[in-house]
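You will see two complexes here that share subunit A, one where it goes with subunit B and one where it goes with subunit C.
What follows is the complex of A and B.
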């Protein structure tokens, strides 16, 4: 008899059965988004021997602001091939939220499998300016604050509250980049001690270079399958037993930046604390954010945090969150973990957060 | 305060991609380039690198001729901001011979009243020294004197 883990979210077991990602690079100047995505989509299907005809839904996450062209998400469908017409959707968010939409549709029981992908290049424009435009248009955006400065405010708030030190940020970066040495898709990986990293100059105090994510061009894709279909496609599916996402106020001044109440709530709703966590893949583009997230999710010292290196190893916008779910799923498939947590974030200073609990049966 | 101005300007480096670069370099030589889908055999010009039907790379490069057929058209009579051509003029969808997708182009050297579906046309390129990796290398299309194409030959492309 087929065995499924008990569910906190939803009623139908839905598992991650395939994952593929592009190598993350500083600048992909030769191929366009569609040309980058095509081999990744081919791989995510090829891994499990299916084609686009075997999925009932396609959902993507991207934003036109990154390439500066309208309807780039429609053009990206060329990477899949959508004739005859397909049920398809898109979110202007990290593709982890596209995965959430696909999971909701799979709950309804009309379809048994879905393709999710995310793509985004950091290189075509000035990311500091582009990301400023996601801020409120009256008080914040006209000041053009760049993401590093906003993250530095968050880091300083942690220090001022006595919750972390610059050495803690360096320890996070040192561990993440060392773990990234084993990740073939990592863009920044090195073996350097926290003490060594602390000798770097500040980019924006209190953040030194090591506390910042790389600028990455990349993309990733996942296939979800429900019920028995998941076992047909994967020996040990990574079942989504809990998933939830929450949003905080748009105004940064209205938030307590030293904690992440949206992650806390999403973690509770997703049932993170219902069992022990073997691996947690956290989407923390800036090193201090990992400390906030680990505390928000109640992760102890025994949890293997971001063994892929996380977003400090590579931060392809619009897919870095989806990649956390893919990496956590790989830990389940290999048997390295029985229960894993994946997290995705969006917006400045961890404004919006998605938490996903993955379990093998 | 009832109104505020917040000037925003973003600059981007455009990556045409491998397939579109091939096409643009063709225009630089005064040649239309298409790419063929290995599955459905359709030829796209310009190709974006993928067959939008099959989702596979269109790697076979096909040089297309200078001639094609008007599948449909519009006589532009309405002035609009940024208009570069004096109205009235004809804007048409051209299906190049050997291609399976049409593109929009300007038609000249024909009285407005004589424009029609099925009209056979040829590209008029800029002077060789002015050719560049842009559709601006094609000045316009004009009738090439051949008899009109039968509706059957282009009905799939309307």
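What follows is the complex of A and C.
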């Protein structure tokens, strides 16, 4: 008699049963996206002894602007080898949203397992310039605001509102990089006190170097399985009991940057507050954003936040959100957590957010 | 466990070479509001928004859906952005429909667009990538050798493609939203147009358009409400399917791709189609270059392999010639091509026909229709069946 946790979202229990990620590096110069993905896809299937023939759907997340050419996802399909042809789709978003699309399909009951992967390299171009092209093309992009400057505005807004200090940002970074020492895939890990970090120069005030994410090349993959199939593939599946995502206005002038109302709403819909949270993996590329997200999700001091080191340890675009779900799932598999929250973000200053509650039965 | 779902609202912009009067946001909003009006709804009634478009370099904005949050009434809502190459308009509609079929939402707005005049699609398709074979002359240059292989294999006469080009442009004259309205279109005019990629003349290729398409997909509850509010019937979704295959694989048949055949087989199984030529009353199929009509007639099982050109030559696919299985009554991709929206326009046109709202290009008493989109190197397929009957 198999046991499933009660669901807040959906009606069919779907669990994360396998997760693999590439080592995150500043520059993977020898291999392209497909070559980086191949061992990761092999590992995510190999972990649970299945092949591509055992999944009914494949969904990926990536963006053409990192590669500088159209259809980056097309070649990436070769990492799976879609022959004979497969039911497959792609989102131009972090792969956390590809996971959402696969979860939706699994709800309908026609398929029992799905592969999700995301990939992106920051190294081929200048990320500050590239991400400026993600902004409103008429009113914002012509000013070429880089992501660090936008995040600095957000950090300053927190300080001005009396909600945080630069020391708080340093404390977040110190904890994250120390936690990252135990993460073999982390790119930036160190044991330094917050006081020490505060001696760094500003990159863009009030953000010092420690408050910024590294530039990462990486990729990751997850296998989802539904119902009994989840138990066939995994001793203790990390069941998605709640999942929701919400969008905010794009113009940062139209938003209260000290809050993340979309995370608040997604967290409510996903049922974060319905039980205690043991672990929360938050996709906060910039240190001040972790404080905003933790508050939006109502996470108390007892919650172990981003034990992987989070996006401050490695920030591979288009898979960093998916990796949060994978890391939170690992905490469930190991028994370190019974209930975990994973979060993914997209857009300038946390414009779009996904919240996922994972539970072991 | 799937819930029934249907198209309850439809909106599309007039396709043009350059919509200089609107921004991208203005373009998509125009189609979205039209779809909402059609369904008797406002943005406040919408649960989620699913956006699709082809490569972002076609406009020069990375992930533009983020900036379109306000224009599409998506603030505070879930939004998903789909990109599956040329099939994207179709797969976007499918992703939206699954949100309803899975029982998650009641009313989902789905929008697809391209504003090709903001950038240069030929350039964006041809950016050289390290260690990848160059596409060079855009899509036409890629597909022409495949078309020549089809001609060689099937023994089709050289004028089949030109006949498709004329037929679809004559259909377009009946569709006020079509980009091309070539009143004096004729075989001679097509033949006299410049040869672009042998055997494709200029007039056998799709235009480059600005345009947007939008649909509202509703649950049974939403359908009942919309029907009583507007008096317009829904187009019930009877089945939907997607399939992909690799670009570079020696075992592929690019003329008659297995992904297309598998996708159709899955779709027909879901929707109870035994003989597509008799079971469908019409089809909107992604034909960006004329010869893809006979090729897809075969790939989709409307006739035996090698016989597609015979249907075209006999006028079977022509609405105006009284063909038994009219294809692309809207004028098709050959008459309007806002790339990211082109697939959704195929799906949208089938819904328009089933709802009896297609105006001059309406197929009398259309009860079941096939919508089809493909993309990449004939490797990504998205299809649906819509019908008058509640499944």
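Here is the rule we go by: the second predicted complex is superposed on the first by the 361 of 361 C-alpha atoms of A that agree within 3 Å, B and C clash if a C-alpha of one lies under 4 Å from a C-alpha of the other, contacts with A are read in each partner's own complex, and residues count from 1 in each chain.
In this text, a contact is a pair of C-beta atoms (placed from the backbone, for glycine too) under 8 Å apart; a residue touches a chain by one contact, two chains touch by 3 or more.
Quantities reported herein were computed from a predicted structural model and do not represent experimental measurements.
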| item | value |
| --- | --- |
| Subunit B versus subunit C as contact partner of A:77, first or second or both or neither | both |
| Touching partner for A:125 - first (subunit B), second (subunit C), both, neither | first |
| Touching partner for A:138 - first (subunit B), second (subunit C), both, neither | both |
| Touch count on subunit A, higher of subunit B and subunit C | C |
| First, second, both or neither for A:296, with subunit B first and subunit C second | neither |
| Contacts of A:38 with subunit B and subunit C, given as first, second, both or neither | first |
| Partner chain in contact with A:341 - subunit B first, subunit C second, else both or neither | neither |
| Which superposed partner A:30 touches (first subunit B, second subunit C, both, neither) | first |
| First, second, both or neither for A:68, with subunit B first and subunit C second | both |
| Touching partner for A:17 - first (subunit B), second (subunit C), both, neither | neither |
| Residues of subunit A at both interfaces, subunit B in one complex, subunit C in the other | 32, 65, 67-69, 75, 77-78, 81-83, 130, 133, 137-138, 141 |
| Subunit B partner contacts - residues on subunit A that touch it in the complex | 28-32, 34-35, 38, 41-42, 52, 65, 67-69, 75, 77-83, 121, 123-126, 129-130, 133, 137-138, 141-142 |
| Touching residues (chain side subunit B, partner subunit A) in the complex | 4, 6, 8, 10-20, 48-57 |
| Touch list for subunit C against partner subunit A, complex | 1-2, 23-24, 54-57, 59-70, 74-85, 91, 95, 98-99, 101-104, 124-125, 127-132, 241-249, 251, 257-259, 262-263, 266, 376, 379-380 |
| In the complex, subunit A residues that touch subunit C | 9-12, 32, 58, 63-65, 67-71, 73-75, 77-78, 81-93, 97, 100-101, 104-105, 107-110, 130-131, 133-138, 141, 244-251, 261-262, 265, 346-348, 351-352 |
